[in-house]
Amino acid sequence: MESSIIERGLDLMLFGMGTVFIFLTVLIFGTAAMSAVITRWFPEKVIEAAAPKKRASTSPTMAIAPATLSILQAAVDKHRNR
Amino acid sequence: MENLNILWSDSGIAQLTFGQAAMMLVGLILLYLAIRKGFEPLLLVPIAIGTLLVNVPGAGFEAAPVYDAAGHLTSPGGMMYYIYEGGIATGLFPLIIFMGVGAMTDFGPLLANPKTLLLGAAAQFGIFATVLGAVSLSHFGILDFTINEAASIGIIGGADGPTAIFVTSKLAPDILGAVAVAAYSYMALVPIIQPPIMRALTSESERAIKMVQLRPVSKTEKIVFPLLVLMLVAMVLPSAAPLLGMFCFGNLMREAGVVDRLSDTAQNALINIVTIFLGLGVGSKMSADKFLNWETLGILGLGAVAFCIGTASGVLLAKLMNKFSDSPINPLIGSAGVSAVPMAARVSNKVGLEANPHNHLLMHAMGPNVAGVIGSAIAAGVMISMVQ
Amino acid sequence: MENLNILWSDSGIAQLTFGQAAMMLVGLILLYLAIRKGFEPLLLVPIAIGTLLVNVPGAGFEAAPVYDAAGHLTSPGGMMYYIYEGGIATGLFPLIIFMGVGAMTDFGPLLANPKTLLLGAAAQFGIFATVLGAVSLSHFGILDFTINEAASIGIIGGADGPTAIFVTSKLAPDILGAVAVAAYSYMALVPIIQPPIMRALTSESERAIKMVQLRPVSKTEKIVFPLLVLMLVAMVLPSAAPLLGMFCFGNLMREAGVVDRLSDTAQNALINIVTIFLGLGVGSKMSADKFLNWETLGILGLGAVAFCIGTASGVLLAKLMNKFSDSPINPLIGSAGVSAVPMAARVSNKVGLEANPHNHLLMHAMGPNVAGVIGSAIAAGVMISMVQ
Amino acid sequence: MESSIIERGLDLMLFGMGTVFIFLTVLIFGTAAMSAVITRWFPEKVIEAAAPKKRASTSPTMAIAPATLSILQAAVDKHRNR
Amino acid sequence: MENLNILWSDSGIAQLTFGQAAMMLVGLILLYLAIRKGFEPLLLVPIAIGTLLVNVPGAGFEAAPVYDAAGHLTSPGGMMYYIYEGGIATGLFPLIIFMGVGAMTDFGPLLANPKTLLLGAAAQFGIFATVLGAVSLSHFGILDFTINEAASIGIIGGADGPTAIFVTSKLAPDILGAVAVAAYSYMALVPIIQPPIMRALTSESERAIKMVQLRPVSKTEKIVFPLLVLMLVAMVLPSAAPLLGMFCFGNLMREAGVVDRLSDTAQNALINIVTIFLGLGVGSKMSADKFLNWETLGILGLGAVAFCIGTASGVLLAKLMNKFSDSPINPLIGSAGVSAVPMAARVSNKVGLEANPHNHLLMHAMGPNVAGVIGSAIAAGVMISMVQ
Amino acid sequence: MESSIIERGLDLMLFGMGTVFIFLTVLIFGTAAMSAVITRWFPEKVIEAAAPKKRASTSPTMAIAPATLSILQAAVDKHRNR
């Protein structure tokens, strides 16, 4: 009664893609709802224009951490203000 | 004389097998690709060194420790044994890497345009199509893959190294080396693999579509979003909870604004330390008997197919969404749904600039790009739940 | 269909118990307190995430690894299992944290005025009064605490997170979650809990007392002091030697001036890495059966009592010492003896400034503040020696 | 012959507070003696006025380590002296 | 009363043995040497603290964990137990340190003048002459060393801490404390031990010899060299592959230019963390029964002899090479072949400047200096292969 | 038939020094060959005059990592160029 490997592969595809799409669709609605709730009831000072230049990278390839850069920026700023 | 014999019989040349020599060559090729060609060097350099070391004849890097009957250690294990058993068989290393990646990820562009999450879903089609391909090869007797191996091969198409390692170490540890090498190599080849497919599936005018500027996103949204993902995963697919839980934890540390110490360490010292050992540990599965066979060629081939199908699916769904959406959607951002963060988003941007020099797609492509990370983690959870 | 069943029966909603849902709510509340209210976020954020993860139904974060009869791993354990067994059951994580705290501690103010060590002793009265309270509740059948649990609850009054975790993981691991959450929460609430008590027990003129400036302390004194503490602990109370030994080691690295590399790492990368995992590991004890019961309410209540009594004891002894001392002693520095470094010293300073805007008590309060760390480590040693 | 839990609690309190006070009292005398010995026989250039502004924090909440700050200070100083 | 008895019988004074007191004194002396005299403080401070802690009577730092019949933990082990078993018995800590040292090493001067590798070979004569000395002492019944111990004592002459620890933990763990202390102490004493020997074996005119400036070395040579060493080790002496493999891995990360993140972490956070625990773990072998005996005096004496012979051999071979070489070779660079990087090279430079104030030998001495690291790792491999 | 400990020590010395010398001698020729091959067939822009001042230390005693120093240098340079 073992299903063939092909059938198992088909099952994986059906249920896998199904789950992925259902999950991300639910997440779309959840995110939209969350944003609506927060924007309406918990408005805040906007922190950035969605284009986070300073911390944009999600790659592990950057050699200098954003934190280090901001420390350095602070050091330079501090000096400039003397 | 006897001592000369000991030294000779202990020496590498006396013990070297053809397979080991070939695998050392593989290690050197990986190093060349990593250092000269820039193929994801952070992982491929340690993997390559791991490959070299584990194939040193008689060095015992993989040896398990030996205990006597009373439980005392008579001979310690090799370094690779401890690294693999402690960090990869337990799943800890990929999870810690995923936490660090979460701490490096900005969900701002995704939050500004949440419907791009769908593109991150579409691109995962590459994963499952490849699973089907692998089982077909097996069914027709061309290559011999189990369903566990097929699932692990498919996940290469997720374009997400730690996810691929996590799944494969659970489902099919014997092919871990080949799968990891394929995953990272193709992630590095994204700028070569994706553009032809993107150009073939889109018209010049589609590629020139300008998208409206993303709305600003508040700090609170960024804090709540990882929790939302985490709760949803907990309710829907607990087998994806380790990966996405650690990813969301890292992201929450980043956005919370009160634990910057921890976030910085997760993004730097900790992820670097774990990357070194993860690479060495993956390399320890690069032995001749596990790597030098036709199945590895099949894995490399199927992995490339997975990337192509994933790219195409993303672009095609983006085209479709553009038809029905109020605001215009440039189909080029669909290819970023495979993840390979941030390389794939940069490719979208570059191809877009060719069609319209004033059209900057980078931020728009970051949405599907990080959505692809979530998407392939979900796919990984399905694999673990249904296959194991 | 069968696969749908698998996915459904594996899903979180199908398996979610009321207790898990409630504990997830607890996790979210902790996150709110940590992120929005600033309650010791470095520990509470990881603890809260640990709470969320460990209550994901069916995710198996706490599962122990399974071996077959031949000793081969058939199923790896969950992440939380490895973190808890590797770092908390062994006591390593709190000890490493304590080393880092030692490397961050400056004993200068204490050395300039060593009699403030007595204030660090007095404030530990809160610990033992609470132990008595807990066993009384147990004696009268109101709540059911063992002597081990009573000792662990008392140590909350030490206002020192790693000490509380170290003692509780040894004496009563089942209440580790509640004790750690109480300890860190009340440490965060020091600015709210202490001032009313301090004002109630002192007169306006006492609060305005100016203290003489602290004498300079030489580098040699700072180097010898941690060794003095260590030798004394070794002679008097070896059960406190792990905690105070690592604390003094950290402090020696700081003051030696020749191992700044190590001191910096102990204060940064290492303590951050361990903090992340310590928090997750503590969170793994936040399961419904261990947290959702009347005893937890008792723990939270008794912990608050311990803080109050400790604060009062410190202030009262400082009043007494002021009577007999040559140089004036402002009673407000007594409250800093509970430790909660450096929050409690800042509270002393703030309340002092209200009475006399030119009266800066911060440095004077740092003496009892760090003395409180030593005092509660000694108290912890007594608990471990007498109770275990 | 098991003592009741109340008795054990009382014992803990007595011996616990006793040990804490004895230990810290001995430490007071030990510290005073040590300081006296060092001040008399091993005098040193005084390094700070007991108010260590630069390294005062014992809290793990500070995002930038003192060492980093002093490195940055050195960088800025170095530049100023050019 | 009974409780007073418990506290008293648990106290350190009641349990202190003469040996423990003496070992604590040894710990304090090591601290004095490290902090006041600058004897390799990075290792000796942690070793000294480990010595103090492990000799605290009754603190159980070395205790093994206890499990009941069902395999449940009934009593966790002591901190030192976990550190030693996890990092030293497995060999992981010295290997990780070696990786970090590799990432700090510049092979440029060696590549510019590869024949200085021979000096790194000559200086290892100290190692083997000392082995012979140790077995002679044993043969004549003066002291009682096994061949394993003799090999471990010899490796002190390699002037390379991690190598000495790696070999000794494998061959003769009981004398690990004495060997490590001797190795690091003599490395610190290089500026005192070497100059008289160097002056005695060379003439004023030899010491004044100027060497030709080193040729520039290309990036590619620096990348290929660690791989060349690694492949050669793999072929000739696999037992040296763990040490040299990790060393070359570290160096490759440094020179590759594409994994600077990993190289920086290997040189900083990771090596610092491991140094702290390696030192503590070595200190855990500093118990009275293992250290307070005539053999330890023998080890210290033989170690000094090894350094002297190694220094002399290096200088003598350099003199010989100067006779036959086209370009002049200053014999003073021969002493740097013992390794003790970079102290020995600085000593060569300093003694050279005395003879000729314009003669800067530092870079020329760095060649034999790093060659000495390779040389003693090879010697270590021979020991492990022939003795174990 | 066990060889005496002295014999084993002598063996260790002979084979040990032998191996060390053989290995390093082979390495000399290997290195020379490698350098020749690279210099002839893969010439490159020379990166440093074999006197790597910035990263010369192989000692773990340096408190500030080269990377940190170069970051700071960059910060100061950046400022100087304003």
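In this document, chain identifiers A, B, C, D, E and F correspond to the written order of the chains, with residue numbering beginning at 1 in each.
One rule holds in what follows: contacts are C-beta pairs under 8 Å (C-beta built on N, C-alpha and C of every residue); 3 or more make two chains touch, one makes a residue touch a chain.
These numbers were taken from a predicted model, which means no experiment stands behind them.
Compared with chain E, the chain whose C-alpha mean position is the greatest distance off is A. Comparing mean CA positions across the assembly, the chain most remote from chain D is B. Chain centres here are Cα means. That of chain A falls 43 Å from that of chain F. Put simply, the C-alpha centre of chain E and that of chain F have 17 angstrom between them. If you average the CA atoms of chain C and of chain E, the two centres end up 39 Å from each other.
Residue numbers of chain E whose C-beta contacts span two or more other chains: 3, 7, 42, 233, 236-237, 260-261, 264, 268-269, 275, 382, 386.
Residue positions of chain F with contacts to 2 or more other chains are 11, 15, 19, 60-61, 72, 75-76, 79. Chain E meets chain B in the complex at residues 89-92, 95, 99, 170, 223, 227, 230-231, 233-239, 241-242, 245-246, 249, 252-253, 256-259, 261-262, 264-266, 268-270, 382, 385-386. Interface residues of chain D facing chain C in the complex, by the touch rule stated above, are 4-6, 8-13, 15-17, 19-28, 30-32, 34-35, 38-39, 42-52, 55-61, 65-67. Listed in rising order, the residues of chain E touching chain C in the complex are 3, 6-7, 10-13, 15-16, 24, 28, 31, 34-35, 38, 41-42, 45-46, 49, 52-53, 55-61, 65, 73, 76-79, 82, 268-269, 272-273, 275-276.
Against chain A, the residues of chain B that register as touching in their complex are 42, 100-101, 104-106, 108-112, 114-115, 117-118, 120-121, 124-125, 127-129, 131-132, 134-136, 138-139, 146-147, 150-151, 154, 213-221, 224-225, 228-229, 232-233, 236-237, 254, 260, 263-264, 267-268, 271, 275, 341-343, 363, 366, 369-371, 374-375, 378-379, 381-383, 386-387.
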